[in-house]
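Take a look at the structures below.
Next come two complexes built around chain A: one with chain B, the other with chain C.
On to the complex of A and B.
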């Protein structure tokens, strides 16, 4: 059973969310991005999908996993503040469900991730029309999961799908209703196919020759989770942290071993690895695609490389 | 508690092996199965994955070549110092599966260290295995690892030791040539046998070619792969080859699982 929110109560609802904890939502400065909301009037759902996905709140660019003090290690007892993320779309939310697969449901659960995950409430919004011409989520089997609440705008009201107890608490004052929320439709589509037969295809070269390894695609991807572990030490005190930093498989030293050998030594190998991880490898292992079709890696690519077009048109 | 939380262990002994190889003996009951590895952690420097070179409930031997910042720092550790570890991780050689079989071990350089763990395992379960044939190659006689044990091994098992070249006195009176050349010359049967390998990629590739010419199938060959392992828990992505995480799906693979995977 879902809930219904009247259009005239929308701002009241946003204020209610803001009163619950730190509210994060799309805010337009120079470009639209997820930011902490100072005033609910700043929330902007009409300027497209925010530049950065909500991933940054779940897997920050850098976080300390251990403290290092005089050559010894200590645990980091960080208290995660309650956050409410409003205005994320299903591509980003499915991205979090995919991160959950790896960081929560896996043999080795990641405590730092879990702590943060448990402190965040996601109130998603459903797309009527795709926010960008590069969106192709309709092809990616998105699921209605990963959020606490999902709002679907209708002519006079909003349907709210309620998935969790945390979500239910936020809307218990609203009238109940049967809600049926349709998944978004997109103009762009990815022709899902087994890419194994195309591993040695020349078309990888066509795309990778344009790539400048700027890593924008991995930074903007809602699911790119590859990370590095490094010790950051003050050279004078010898104290510091063991940190996890977001890494990119596009960087040359990503597969470098001690002694200097680099396994994925060409840009073609690195480019192909990323696309196959998104579309094939993760799918083989977890039975779901790692790509959610948000289109950011195409829209913001320095060289306008469109892997969807290549897969659709060239890999025949 | 963090996934990357470390535990401290006492170093019981430091045994210098060669110019650039050292083995440390650590007091621990971690007892990895041969082929598994632990992450050695030196706070302030970093972490390095090192394979177990022993099979022992009370002690763990780690042999390493000084090649990066962590091994350089580890090389300065002394008996009585303590070292942080996490693990063990990964899939080792499935020794249970080989029960009742002949075993052929092929190793080169540092790659002989994990195979030493297999030898210790066989020593403790000798009745479970039939004929054991060892092919170990090193660069020169002074690069031979576990010098004191080599003679012992040759008494118990059929040891084929070789050195690529012998610029100084050949203390071991062993053939001079690549281990693969020795492998080529020796008559070994593929019947009820498995081949367990660890060593540099070029040695592995060539050995597989030779072994297959002798009638072995891909399913009889087990190889250990080397990659840059950071998290060791199938997440960070550094060791992934074609969708397989070397840290958690390997590092030991049956050859048919990895023969067609490319970067």
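On to the complex of A and C.
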């Protein structure tokens, strides 16, 4: 059972969200980004998918995992403020669902991630038309999961799909209705196939030669989570932090091990690993694709390398 | 509290020297401008020689010798060789020391022409002042550790010294400028048609220039792993002339770009 929001109540609903806690939504300055909203008039849902996915609120670029005080380790008792993310699209939300699977659903849950996850409410919006020509989410089996509420715009009203209790509390004043929200349709499609026969170098040469290893594809991916751990310690007072920073499989240092050996020493190996991890390795292990089809890795690539096109056309 | 009054175990502090050869001395200034946090480091080291801020300076031996600037004269070479012999660890600090920087442009020009433009009177360019081919210091002596930048960021000095003091090999930031630029959510200047060198340049500056909408000019020098031919292709796609690209690459690290296989002459 979902809820219905009348069109004239839309702004009232946004104001209601803003009163609940820190509201984050797409805001356009030079380009559209997820930012804390000062005024609900600034919210811009028509300028496409924001540059950086909502991942940044779940896995920050840099965070302390452990405090070290006088040489003794202490846990980080950080209190996470309640945040509401409005205007995330299904590709980003499915990305969070994938991160949940990795960081929460296993024997060792990540405490820092869990704390943040519990403090954030996601209010998604459904795409009518794909926000970018690079979107190909229709072929990535997106699921209706990961959000608290999902808004679907219709001619005179909004359908709201309610998934969690936190979400239900936000819309309890709205009339109930039977809602049916269709998944987005895209023009671009990825031909899903088994990529094991295409591991040989010659399939990857053309794309990897154009790669400049700038790492934008992994930074902007809604599901890339690789990180580096470093101790930042003052040698005299023995105070400091053990910090987790964002890392990327496109960096040569990423696979360097003690002794100096680098496993993926060429650009081709690194490029191939990223694409295969997204489309093949993760699929084999978790029975779902790690790619959610948001298209950012193609749109924001300096050389506009299109792995979807390569897989569709060249891998025969 | 007992810990507070306990006398610290006397461990000899490492002897550190900060020396300079031909350059603008800006890299050295970065170290002194760290101020409050620098005091934490200064408490842990014995800064025996730093002619820029100290009156009394001791000669070697040193445990760590930080050298800024590049070799441009016989005298520079003489000093550098002496410092190398006197120190356990020699650090090349700044792009002059690591890549040759702006003075290094001279190698792409005619010596005679450059000297005539710069000096009114060439009569004292003899003896120890005699110019030599302008080169980074690692072409003359063994360098244990190098950090590029014009100037390098404060954080890189702090991180380096912390790691030295903990007995570790320092970790240098070794990712392109694009990483920090993307994390700062900047509009991409290269995609916007500008002459940004970001993808092939070592970061660590927190994308200082792109943050204020100025394309990266490459003051940290190229990454060993950079895909230079492709970045040049992208710059040409943006309508930047071959001549201008050549000048941009010559500006800070011409020698390094040549070493990595780029035609600059």
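Criterion: the second predicted complex is superposed on the first by the 310 of 316 C-alpha atoms of A that agree within 3 Å, B and C clash if a C-alpha of one lies under 4 Å from a C-alpha of the other, contacts with A are read in each partner's own complex, and residues count from 1 in each chain.
Simple rule for what comes next: a contact is a pair of C-beta atoms (placed from the backbone, for glycine too) under 8 Å apart; a residue touches a chain by one contact, two chains touch by 3 or more.
No experiment lies behind these values; they were computed from the predicted model shown.
Asks: Should chain B and chain C be called a clash or a fit once both complexes are overlaid on chain A?
Replies: fit
Asks: Which partner reaches more residues of chain A, chain B or chain C?
Replies: B
Asks: Taking the superposition on A as described, I'd like to know which of chain B and chain C A:36 touches: first, second, both or neither.
Replies: A:36 sits against neither chain B nor chain C.
Asks: First (chain B), second (chain C), both or neither: which does A:316 touch?
Replies: Neither partner.
Asks: With both complexes overlaid on chain A, does A:233 touch chain B (first), chain C (second), both or neither?
Replies: both
Asks: Give one of first, second, both or neither to describe whether A:212 is in contact with chain B, with chain C, with both, or with none.
Replies: Only chain C is touched by A:212; chain B is not.
Asks: Taking the superposition as given, does A:249 touch the first partner, chain B, the second, chain C, both, or neither?
Replies: In the superposed model, A:249 contacts chain B only, not chain C.
Asks: On the chain A superposition, what angle, as a multiple of 10 degrees, is formed at chain A by the C-alpha centres of chain B and chain C?
Replies: It is 70 degrees after superposition, to the nearest 10.
Asks: A:303 in the overlay: touching chain B, chain C, both, or neither? Say first, second, both or neither.
Replies: A:303 contacts chain C only, not chain B.
Asks: After superposition on the shared chain, which partner residues are touched by A:71: those of chain B (first), chain C (second), both, or neither?
Replies: first
Asks: How many Å separate the nearest C-alpha atoms of chain B and chain C in the overlaid structures?
Replies: The answer is 5 Å, the least C-alpha separation in the overlay.
Asks: Which positions of chain A sit in both the chain B and the chain C interface?
Replies: 230, 233
Asks: What part of chain C is in contact with chain A in the complex they form?
Replies: 3, 40, 43-44, 159, 162, 165-166, 171, 174-176, 178-179, 182-183, 185, 187-188, 190-191, 198-200, 225-227, 230-231, 234
Asks: What residues on chain B touch chain A, complex-wise?
Replies: Its residues touching chain A are 1-6, 41, 43-48, 67-68, 70-71, 84, 226-228, 230-231, 233-238, 240-243, 248, 262-263.
Asks: In the complex of these two chains, what residues of chain A are touching chain C?
Replies: Going by the criterion above, the answer is residues 30-31, 33, 51-52, 61, 70, 209-216, 219-220, 230, 232-237, 246, 248, 251-253, 267, 300, 302-303.
Asks: For chain A, which residues count as touching chain B in their complex?
Replies: 65-66, 68, 71-73, 75-76, 102-103, 106-112, 199, 225-231, 233, 238, 240, 242, 247, 249, 254-259, 263-264, 269, 273, 276-277, 280-282, 284-285
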